[in-house]
Amino acid sequence: MKILIANPNTSTGVTDRLVASARLVASAGTELIPMTAPRGVPYIATRAEAAIGSAVMLEMLAEKRGTFDAAICAAFGDPGLGGARELFDFPIVGMAEAAMLVACTLGRSFAIVSFAKALEPWFAEIVAWHGLSGRCAAIRMLDSQFTNINAVADEMEQLLVDLANKTVSDHGADVVILAGAPLAGLATKLRDRVPVPLVDGIQAAVTMAEGLVRLNPRKATVGTYRRPGPKDSTGLSKALADVIGHKDA
Amino acid sequence: MKILIANPNTSTGVTDRLVASARLVASAGTELIPMTAPRGVPYIATRAEAAIGSAVMLEMLAEKRGTFDAAICAAFGDPGLGGARELFDFPIVGMAEAAMLVACTLGRSFAIVSFAKALEPWFAEIVAWHGLSGRCAAIRMLDSQFTNINAVADEMEQLLVDLANKTVSDHGADVVILAGAPLAGLATKLRDRVPVPLVDGIQAAVTMAEGLVRLNPRKATVGTYRRPGPKDSTGLSKALADVIGHKDA
Amino acid sequence: MKILIANPNTSTGVTDRLVASARLVASAGTELIPMTAPRGVPYIATRAEAAIGSAVMLEMLAEKRGTFDAAICAAFGDPGLGGARELFDFPIVGMAEAAMLVACTLGRSFAIVSFAKALEPWFAEIVAWHGLSGRCAAIRMLDSQFTNINAVADEMEQLLVDLANKTVSDHGADVVILAGAPLAGLATKLRDRVPVPLVDGIQAAVTMAEGLVRLNPRKATVGTYRRPGPKDSTGLSKALADVIGHKDA
Amino acid sequence: MKILIANPNTSTGVTDRLVASARLVASAGTELIPMTAPRGVPYIATRAEAAIGSAVMLEMLAEKRGTFDAAICAAFGDPGLGGARELFDFPIVGMAEAAMLVACTLGRSFAIVSFAKALEPWFAEIVAWHGLSGRCAAIRMLDSQFTNINAVADEMEQLLVDLANKTVSDHGADVVILAGAPLAGLATKLRDRVPVPLVDGIQAAVTMAEGLVRLNPRKATVGTYRRPGPKDSTGLSKALADVIGHKDA
Amino acid sequence: MKILIANPNTSTGVTDRLVASARLVASAGTELIPMTAPRGVPYIATRAEAAIGSAVMLEMLAEKRGTFDAAICAAFGDPGLGGARELFDFPIVGMAEAAMLVACTLGRSFAIVSFAKALEPWFAEIVAWHGLSGRCAAIRMLDSQFTNINAVADEMEQLLVDLANKTVSDHGADVVILAGAPLAGLATKLRDRVPVPLVDGIQAAVTMAEGLVRLNPRKATVGTYRRPGPKDSTGLSKALADVIGHKDA
Amino acid sequence: MKILIANPNTSTGVTDRLVASARLVASAGTELIPMTAPRGVPYIATRAEAAIGSAVMLEMLAEKRGTFDAAICAAFGDPGLGGARELFDFPIVGMAEAAMLVACTLGRSFAIVSFAKALEPWFAEIVAWHGLSGRCAAIRMLDSQFTNINAVADEMEQLLVDLANKTVSDHGADVVILAGAPLAGLATKLRDRVPVPLVDGIQAAVTMAEGLVRLNPRKATVGTYRRPGPKDSTGLSKALADVIGHKDA
C-alpha cells in the first residue's frame, strides 16, 4: 500500500527525517511517498503558522489525491486535519492524533515533550480538539535556542531526555511523546534512557494509517465528515478549487 | 475610534449586511471600516473552508494594519482569531466569541441558531475552543436550501423564529444567538418574536471592540499571545510575510 | 446613559475608588451613579459575608430601580447576581463576570490575583458558577495583613505586582485580573509592570454595561431568568418586598 | 443527640412535614429541634429567594447555636450552607447534599423530581455547586399550579409518581430524589410505585447528621471552612453580628 | 441491626483493625460481622489485585447473604462494589465511597493519603468511578517500605501526619481521608495533629450503612442496578453460581 | 508475529467468530492464537460478570505468557485490561479501547451499538475509564431477546442496522461501533447499509496490536503500569500466583 507523508513545513530536511523514522516501523509492502509544503514556513510552531499550514495541507492533499491509499498529516499539531476529513475520501491520520491514541494503549496518561516553547499553546489546543486533555499529564517544552531545525534532535538530545524524565517524575506520565516532526526517530534512539514507553508521532501514524487501509472504512455520506456540497471559490490553487467545486472526478 | 470589520467571506453583500447591523449599536464617534476577503469562498461553512479563511484573515489583517484601533474577525466561527492575537498588537474580537460572551451576561445558557446544516460541526468546535460548551444549551441549524446568501435572512425569517423558539422550549436556552454573518441585523428585527434575548454577533462584537479600545490593554510579551520571533517564509502575501518576518516596523 | 454602581460593601471609600476607576474608561455620555450598602460588612471576603451581601444587593437594586439604565454588581464575587437577573428587567453585570469575559478576549487563560487569602474559596466558586474554570489558570492571594481596606491597593502594590508576575511565570496566565473592589484603578497604574494585560473589574464592567444598554436586549419571559410570579413575604425591606410581590408597577 | 432542623421557609406547615418525615428514620435517642424562618418567603423557589434565605439561615443558626449537636439546612437548595460551614463549628448538612450523597450509594445516577418549574435553575446550580452534575441524570419539575404549599404533596401525588417513572424510563435514572421540603415524607409513601429507590431529603439528612455527630470531626482551623477572623458589621441580627465579630464566646 | 464487614484482603489482622475502628462509632444496637477473604492477597494494592479481589468480594457476599442487613465492601478501592449492587438486594457501601461522601459534607475538597505508592493509580480510578474527581484535591502516598501490613499504621504514624499536613498546605485540602484498611482507627488517634477533619473509611462506612438500613430503600427492578436475569456459569463458587443462576431463593 | 485473542467468555462459538473476523484484516505474516475462558459465563454482560471475567483474563494471560507477541483482551468492556498492563510486559489492547481509538480517527464522535440492554452500564463505564466520554455520542442497545449467543449477529442484523442508523440521525454519530464479541464480523457485512464508517472491535484490535508489536515500546519500570513488587497469594491459579509472586522467570 502507498502512504503519503504530507509535511506542511517547507523544510525538506524535516521530510527526510520523517521518512527515515517511518521506515523503521512500516510493513514490508508499504511504500512511503514524501511531500514537502511548497509554501509556508520552514517549521510550523505557532497558531498563526498552523492557520497558514492548514490551508497549505489541503492544497497538498488535493494536488496528490489519487496516488496513495492513506495520508499522514505530518506535523504534530495536525494542521488541516478536520477539513481534510471533510473534503477527501481516503483515510488520513494526524501525527499528534496517532501519537496520543497509541500512547493511550501504553499508559493511563501521556506527556508531550518537545524542543520549542512556542509550540506549547498550539499543542495544548490540539490535545483538547482531540478530546484527550483528560489523558494528558503535561506538555513541556525546552526553552533553549537551536541553530538548525534539521539538527535540533541531535543538539538537544540530552536536554530532551532530562525533560522526558522530569515529566515522569513530576507529573506521573506513564508514556512520553517526543513531539514535533524534527524529533522524528528520536524515540527509537532514546528507548532505554527514559523508564516509560516513548512514542514517535510519525511511527505511530504509519502504523495507524496501515491499519486504516486494512480496515477499509467507508466514506461518510452524513455526519460531520460527509463531503460538503460543491462551491465556487476565488484565488485558490486549481487542485483545491476543483475539489471544493466537485470538479475532481 | 476606527474598527475594522474583516469579513473572511468573499461576498460583499454579506459585508454590507454586517456594517448595516453594526451601525445600529456603534457609538457616535466610531468609524466602521469594512473589508471583504479577496480570495476564498462566498460563505465559509465548513472546517475546510474555515482553514482557508483563517489564512486569508491573517493576510487581511496584515494588509490593513495601522489603519484602525481594533478589529473584528467577522465570521461566526472566528477563523484565524488565535493566530491574529499572536501576530498583532491591536485588540481583535471574533463574532462567535463576542456573541457568546455577551450571551453569558443575559442567561445561564445560550443556543446558537443558524441557516445551514453544514455550519454545525464548525460552530460546535469554536464553542469548545472558547471553553464555553458548558454554557451552550444547543446548536441548531435549518436544513433547508437557500437561493442566495445575501437574501437568506429574509427568505428564512419565519423558519429561524420557529427554530429559535424551539431551542428555548426544548433545550431551555435562556438566550438565542442568531449566528452567521448573513443573518446580521436579524436579531434586532425579530426582538419581539422570541421570548428570550436574541444576540447578533456583529453587534456584540462592535460593543466589545469599543470596550477593548477604551480599556486599552497592553500587548502581552510573554504567554500564549506574545508575538512569535521573526521567521522566514515562502509564498505568502507580502504584508503577511513582513509581519511574520518582523519587517513591518 | 446612567449606570448604577451598586457596592454591596458598607465602605464608602471603596465606592469612591470604584467610581474613580470607572470614570477612566466610561464613555463621555455615561453618568455613573454610586451606591453603598446600608448594612453588612465593610468588605465582603467570605461565603458567609457574600450570603449576607447577596440579600443586601437585591434590596439595593429594588430601592433604586427606575433611576438607571444598567447596573453593576460591584463586588468581585458578584453577590446576588443570579437573583437580580430574575427579579429585574434592566441589564446587570457582575464585576467578576465582566472581568473574566473581557479577559477571555485577551488570552487563553486568566489568573485572578487579590489581597486577602479569605477571598480564595469565594472567588473559586464564582469562577465555577460562571462556567469559566477551564479558562482560569490560577487564583492567588496575598497572605499579608493590611491596615485599612481603603489603602490596601497602595500598601500592597509591589506585592501584588510580584504575585501577578508569578501567576504568569508559574501558571502560564495570559491575562491577570486584579480582583476585588478595593483594588479598583490599580490595573491602569500597573500596566507596564506585568508583561501581560491586566484587567480591572469595574472598568470591564462599565464597558460591558454600556454595551448591553446599546444592544438593548429584551427581558426574558421564559427560561431561567424570567421574572418569578408574585409572592408574599415577611420582614423584607419594603422596596424588595414590593418587587417580589409585584407591587412595583 | 439533638439535631436542629432549620427550615429557611416561613411556613410552619412545611416545618411540621419535615419533622414528621425525619422521625420515621431518626434513631431512638435523637431529639429533633424544629425551627422556622422568622422572615423571608413561605417557600423558597428561586435564586432571588434563595439569596434572601441564605442570609436568614445564618441568622437562624447563630440564634440557636449551642443548643444542638448538628444542624440540617432544611431546604432542598441548601441556602447558606457554605457560609454556615465557615462560621460555625457544629456539623451541618444540606437537604440537597444529603439526598444526593445517599443517592450515590444506591445508583450510578439520580434524578431530582419536584413540584414547581421555578425550582429547576436553583436546583441545577446546587447540584453543580456540590460537584455532582456527573451523577445527575435529570432535573424534572411538574408544571402545574398548586393551591397550598402544605398540601402540594398530596395534591400532586400521582403526577409526581408519573414524573418519577418518566425520569427512570427516559433518562435512565437509577434513583429518584423527591426534592423540596414540602414533599417530605412522600418517598416513604410512594416506595412501591416507582421501580427504583426513592430518596427523601430530610430523611437522608437526618441519617447523615447522626453519622457526623458519631464521627465527631474536628473544626478546621485552616482551609476553606476555617472560621474567618472577627469583623465589624452594620445592621445584622445581634446573634449573627456577634458570631461574625467573635463576640459569641 | 447486623452489618457485614467484608474484607477482601486475606489478612485477618486487617479485619481486626477494621472491626475495632468501626466499633468506636457504631450505634449501640449494631452488630458487626467480620469476614476475611478466603483467597487472594494479604493486602490489595494494585489494579491486578483489585480485579482478583472484586471477584472474591462477590463470592464472599454470596456466601454470607441472608445473615445481615447491610454490607461494607471493606477495602478502600471498593472492589466488586458495582457488581455487588447488581446481584444483591441488601444495601452495600464501599469504604472509599463512604469516606469521600462524608468528606464532601466537611469540606469543599478532600485529599486521600495512604501508605504505599502502589495504591495511587487504583485510588485515582475509584475516585473517578464515583464521579468525585472534582472534589479531590490530591492523592498522596508514602514511598517507604513497611515491614508488616498489620503494623503499618503504627510504624508510619508520624510520616502520615506529615503527609496529611502537606496535602492541606500544598493542595488546599479541606479534609484528609486516611485511606486503606490497614490504617483503620488512625483518624481517631491523630485527630488533633492535622488542622482539618480526618476521615476513616470504615467509620464513615458504618455510619452510612446504618443510615441506609434505616432509610430502607427498595431494590431497583429497572436501571443499572436491577438484578440481571439468570445465567449459567462454569467453575465459580457454588454460592456465587447460585446467585448468578437465580438458584438462591 | 503471534497475537493472542483471549476471549474471557466461555463460549467457543464466540471465539470462532472473533478469529474469523480478525483474519479479514490481519497482515499476511500474523498468526492468531485463540483462547477461550476456562471458567466464567458464556457471555459477559454485566458489571458482576465483568468482575469475574477480569480475574479470569489475568489467569488466561498468565497461563499463555511467552507464547505470543501481543494480546487482545477480547470482550468489549476490556475486563482485566488495567491489571494486565501492570503484570505483563507484552503489549495488550482491549477490544473496546481499540474500537474507540480507531473510531476517533474516522469521526468527531462515535456511537456504540450492541444487542443486549444489560451491556449498557458496563459499556458506559469502560468509555469513561478510557477518558473518551467526550467523543461518545451515544450508547444504544437492542432490547430484544435472543435465542443463541452464537447466532445473535444473524438474528438481529436488521434491527442492528436500524439502531445504528438511528444513532446517526438522532445523536449525530460520525462512526458506529458494533460492539460485543458476538457481533464480530458484522461491520464488514453491513458496510453499505449505514452511511458512516462501522468499526468492528476485534478488527480494530488486531490492527492496533500489530502496530504495537512493530512500534516495540519498552515496559515501564515506573508509573502506573510498572510491574508491582512480588507478593504472596492464596488460592489463585498457579500461573497467576507465579506472576504475582515473581516466580515466572
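Brief remarks follow.
For reference, chains read A, B, C, D, E and F in written order, and residue numbers begin at 1 within each chain.
Heads up, the rule we're going with is that contacts are C-beta pairs under 8 Å (C-beta built on N, C-alpha and C of every residue); 3 or more make two chains touch, one makes a residue touch a chain.
This is a predicted model, so every value here is computed, not measured.
Here D-E and A-B were compared by C-beta pairs in contact; the pair with more is D-E.
The rotation that brings the Cα trace of chain A onto that of chain F spans 180°, given to the nearest 5. When the contact pairs of A-F are matched by residue number against B-C, C-D or A-B, more than half turn up again in B-C.
Taking the mean of the C-alpha atoms as each chain's centre, chain B and chain E sit 52 Å apart. Taking the mean of the C-alpha atoms as each chain's centre, chain E and chain F sit 29 Å apart. Distance from the chain A centre to the chain E centre is 44 Å, each centre being the mean of its Cα atoms.
Across the assembly, chain C contributes residues 82, 108, 121, 224 that each touch 2 or more other chains. Within the complex formed with chain B, the residues of chain A that make contact are 10, 38-42, 45-52, 54-55, 57-58, 79-80, 82-84, 86-87, 118, 120-121, 125, 128-129, 224, 228-229, 231-236, 240, 244. On the side of chain B, the complex with chain C involves touching residues 25, 27, 91, 93, 97-98, 101-102, 104-109, 130-132, 134-135, 168-169, 172-175, 191-192, 195-199, 203-204, 207-208, 210-212, 214-215, 217-226.
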